[in-house]
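A, B and C label the chains in the order they appear, each numbered from 1.
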Amino acid sequence: MALSELEVRKLALLARLELSDDEVRKLGPQIDSILGFVNQLSELDTEDVQPMTTALDVDNRWRADVVTAGLSNDQALHNAPSRDDECFRVPAVLGTAAAKNA
Amino acid sequence: MFDSASEILSLQSSGEATAVEIAEKTLAAIEVSQGKHNSFTHVARESALAAAAAVDAKRGSGEKLGPLAGVPVAVKDVLCTRDMPTTCSSNMLRNFEPPYDATVVQKLRDADAVIVGKTNMDEFAMGASTETSAFGVTRNPWDTDRTPGGSSGGAAACVAAGSVPLSLGTDTGGSIRQPAAFCGVTGLKPTYGRVSRFGLVAFASSLDQIGPIAWSAADCALMLETIAGFEPRDSTSLETPVASYTEALASTDLRGLKIGVLRNSIDTDGLDDSIRAAVNASTDAFKELGAEIVEVDLPHSNYWVPTYYVIAPSEASSNLSRYDGAHYGHRASDIDRNTKDGPLVEMYCRSRSEGFGAEVKRRIMVGTYALSEGYADEYYNKALKVRRLIKGDYDAAFTQCDLLLGPVTPTSAFKLGDKIDDPIQMYLCDLFTVGANLAGVPAISVPAGFDAGGLPIGLQLQAPVLQESRLLFAANAFQSITDHHKHRPSC
Amino acid sequence: MSSLAEHSVVGLCIPIAERSATIHSDQYRLPIMTVTAPNTVTTIIGLEVHVQLKTETKLFCGCKTQFGAPPNTQVCPVCLGLPGALPVMNDRAIELAVKAGLAINCDIPPMSKWDRKQYFYPDLPKGYQISQFDLPICGEGYLDIPDDENDGDTVRIGITRAHLEEDAGKSMHDEASGTGDTRIDLNRCGTPLLEIVSEPDMRSSAQAQAYLTQLKALMIHMGISDCEMQEGSLRVDANVNLHINVGEKKIATPIVEVKNMNSFRAVEAAIEHEVVRQYDVWQETGKTIKEEPKTTRGWDDTKEITFQQREKEESADYRYFPDPDLLPVRILREQVEAIRSTLGETPDQTRDRLPGQYGIKPYDADVIVKSGSQMVVYFERVAELSGDGKRASSWVQQDVMRTMKDRQIDVSDFPVDADKLGDLLKRIAAGDIDNSRAKDVFNHLVDNDQSVDEAIQSLGIESVDSSEIDALVQELLDANPKIVEDVLSGNEKAVGALIGQAKKKNPNANPQVIRETALRIIKSK
């Protein structure tokens, strides 16, 4: 099930990682061997097993609908790589392949 | 230096030392050790001295003091601190300043502890050697050519070096216990949900827990008592009241306690003979303390590591999506506005590639694959089911015994560089530790001897959910008749 | 969601004439039914409606959800997605979601859970949206809407599911600075939304409109949402395609999801546009749902056309998985029943009841009902206390609603509560105060936390003694013999001219009393 370089690049785009040619060549076989290693799980019959999504047997942790103190605008933007007086700034979202689908 | 956190408390109450003197001494020791071991990403000299002075002032005015008053504490750099950077040892967060304290950090401050700095780790806690840190490797104080383990390598090394009595680590697959074993100190991973994760920068949310690393089980009990407890801001935090862990240490009589030895782990081919011998010898020590020894098996233990290396990277790939250069963290400069995918995607991809190191990228790729359309059933969903089988093994084993006993690591500390290019060899460091994370049970690593090269060996005890008291009770009893934990490297 | 292709072709069929592309290329309108070579075409419509739940705080943190705050001021580590922050769900959001589900006849399953929907976008700071994938909070249900074909009948629109999710922030393209940057405001991030997904059961834009109107009225009435499309608290996506019978063969055109419609009118126009467009494209290309299952198009409100949104380089792969930071939601039967018991009347039932009970017009009842159940409660209290339903209706619709709108406040925060307004209107009915002075009192009460008595006192309004009025009117009549003459010759309206003068001399004089006194004095002469 070796991953082709094209598949590695597609996966990297999905994960928003830019990989050099060298990284692609190196990562492909590494991911293959990791996937091969974890694929041992397929030996097990889990037909009737319920998936375990949390380590706790607890549910319904709710909070009351009460306002709590948040951050000031300046605190919120403190770590922003690019900002103005009010907002975070990012390169144009228009005309990108990441067009929102939600 | 000092022998225990409780000694530091009594030196102050007796008036033999002030918190400021203790902090000065600790900071001086850190300075010496830092050049050799690189345990810290940030030493908070000024704020530590200020906190210590505040403790002295409080004592002077007769105010009530917290349970860790004046005790120097190191915090793993994956826990948010509002007055120090929080980097996760990553270039991605090199300049990140959180606007808030993690709950555990707040609890330490409320207990009047003196936070001396942030400790080095594998980047985003992904690794078993602290070699993936963007701030340089941490070296094992017992042999500086060797790794202290990871990911809480700095947290364990600064305790081993004798500079800090208490240290906070985090454990997703063994990241407290394995470095504790490699460094000859005691480290405890609590029950999932016992310590609030609010402010812990997530690696794998369903597995991460915060826990203490210290010179002894008694000091671990002291620290755990301070940091454990329900937290309304963490949905996965448990409401059960916190037991008095220090009170559980009053007796060392283990009569009536049934310890299940994990024979299959001990007989594993890959286990070093010296570790096997140390674990067997510890079994005799527990017998001497009155415990009953039985043999038990966790049948799916061969599947722990594969299960873990699907679930952990899957969750990590999602948790690390927030580091995209948009709102905080590293952003690539000189974005080409005319690339195929547009300037925004270009910014995302380049920022993440520049900000993350190789191991983080590898795990993001594996996790993204395991969750992707057409593969999720084969990998992620399959692993969730096997996780249930693994949990079932633990439940069954604990009907036969009160505690499980086995090794922490297959080998003692390995040489720096030995495994960094072989992911699977590195992953197998977690062979004996990831079970406790998958099942959510508490586990402790206790010094159990030294190998022929003079390197520390760890012993692992695991307990049923919320039985930290039992774990600490047994570990403390063991330390009452052994002295492995009292040895210090000559550094 | 059930597959559209499997859906049986029933309901309204629109025959579309064979046409060449040039005939209608200038204008997209439903064609006139000049059937030449008929292919029977059925429009299949399913709607996804996002309603913002009326909570004080966000879905997973304690930040306010108020509309219109300065950018990035209603944020905290949780909704900013800062490292280490964790979500905890809002109990009120759960309650409102269940209430909404019950209002549209949904099953409420015993367990639901949270999942992460993953994609990168700068208004989504965690890189994933917390949503519900396979176990939504509300299961199957339905909504009956008026049948526009047969008066008095209803059509049942199936509800596939309704799930909770957090809203994203707002991206604003910065044209001013010339950098081409996008500015990000995360205030809206984490606001609770309920996405209500209908079955593809609607067969015309009119039905879609009726469904939306009905759903909106219900959500407002039950206090679940404000449903303000302008503020984004109600958003609609429409899934549209055509089933075309070509002789014996039945084909389905690719499903188009139309987004970004900002009014019900736009939804209607977009659907109508799609019907024509899809038919033309099918004629041109012959493409069916088998070749191209689904595409997304935007709506251009000025040009009134849908447009192709940019093709993605990669197909969307959201990598849904259960959010490990949140626990499953288990809702006990008793809790569901407790919420059910709070549902009360449906808007239709209230609308039918009010005219008979309070003597108001059906139109006025409709306006009050459309303003939500809290407004109904307010109105009923005022009507009962004042003993005059018509007056209560008029004041509620004019003075109360206008002030609420001007000041952007809810009826629950309205400074003149129902008891005060009822008291005030009762005094008008008793003749203790006239209408215009009552408005002064009302306006004073809006700005001052006082009782009606205190307000009357603050404004210096005093009830005027009848002997005083008599003297005042006599004085005015003496000065205006023309008015006396007019009245005596049968024109009683002429006394109206006295009222203004009387008010000038004594602002507390009641116009009704002046009128009556003047007539009495003149006629007694």
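Here is the rule we use: a residue touches a chain if its C-beta (ideal position, glycine included) is under 8 Å from a C-beta of that chain, and two chains touch if they have at least 3 such contacts.
Which chain is which protein? Per UniProt: A = Aspartyl/glutamyl-tRNA(Asn/Gln) amidotransferase subunit C; B = Glutamyl-tRNA(Gln) amidotransferase subunit A; C = Aspartyl/glutamyl-tRNA(Asn/Gln) amidotransferase subunit B.
Keep in mind that what you see is a predicted model, and the values were worked out from it rather than measured.
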(request) Report which interface contains more C-beta contacts, comparing B-C against A-B. (result) A-B
(message) Taking each chain's centre as the mean of its C-alpha atoms, which one ends up farthest from the centre of chain A?
(response) C
(request) Determine the centre-to-centre distance between chain A and chain C, using the mean Cα coordinates as centres, and give it in whole Å. (result) 36
(request) Please work out the Cα centroid separation of chain B and chain C, and write it as a whole number of Å. (result) 53
(message) Centroid from C-alpha atoms only, then distance chain A to chain B, rounded to Å. What do you get?
(response) 24
(request) Mark out which residues of chain A touch at least two other chains, giving numbers and ranges. (result) 13-14, 16, 53-54, 56, 58, 61, 63, 71, 76, 82, 88, 90-93, 95, 97-98
(message) If I count partner chains per residue in chain C, which residues reach a count of at least 2?
(response) 77, 80, 88-89, 120, 122, 180, 182, 184, 186, 313, 317, 324, 326-327
(request) Two or more other chains in contact with one residue: find those residues in chain B. (result) 96, 99, 206, 232, 235-236, 317, 321, 324, 326-328, 337, 340-341, 343-345, 348, 368, 372
(message) Residue numbers of chain A touching chain B in their complex, please.
(response) 8, 11-19, 23, 27, 30-31, 33-35, 37-42, 44, 46, 49-56, 58, 61, 63, 71, 75-76, 78-82, 88, 90-93, 95-98
(request) Could you please specify the touching residues of chain C with respect to chain A in the complex? (result) 55-57, 61-64, 70-77, 80, 88-94, 111, 113, 117, 119-124, 129, 168, 171-174, 179-186, 296, 309-310, 312-314, 316-317, 322, 324, 326-330
(request) Please name which positions on chain B make contact with chain C in the complex. (result) 79-80, 86, 88, 93, 96, 98-100, 102, 197-202, 204-206, 232-236, 314-315, 317-318, 320-322, 324, 326-328, 337, 340-341, 343-345, 348, 368, 371-373, 376, 380
(message) Going by the contact rule set out above, which residues of chain C touch chain B in the complex?
(response) 77, 80-89, 116, 118, 120, 122, 125-128, 180, 182, 184, 186, 313, 317, 319, 321, 324-327
(message) Can you tell me which positions in chain B touch chain A when the two form their complex?
(response) 95-97, 99, 192-193, 206-207, 232, 235-238, 300, 302-303, 306-307, 309-310, 317, 321, 324-331, 335, 337, 340-350, 352-353, 356, 361-362, 364-366, 368-370, 372, 378-379, 381-389, 391, 423-424, 427, 437-440
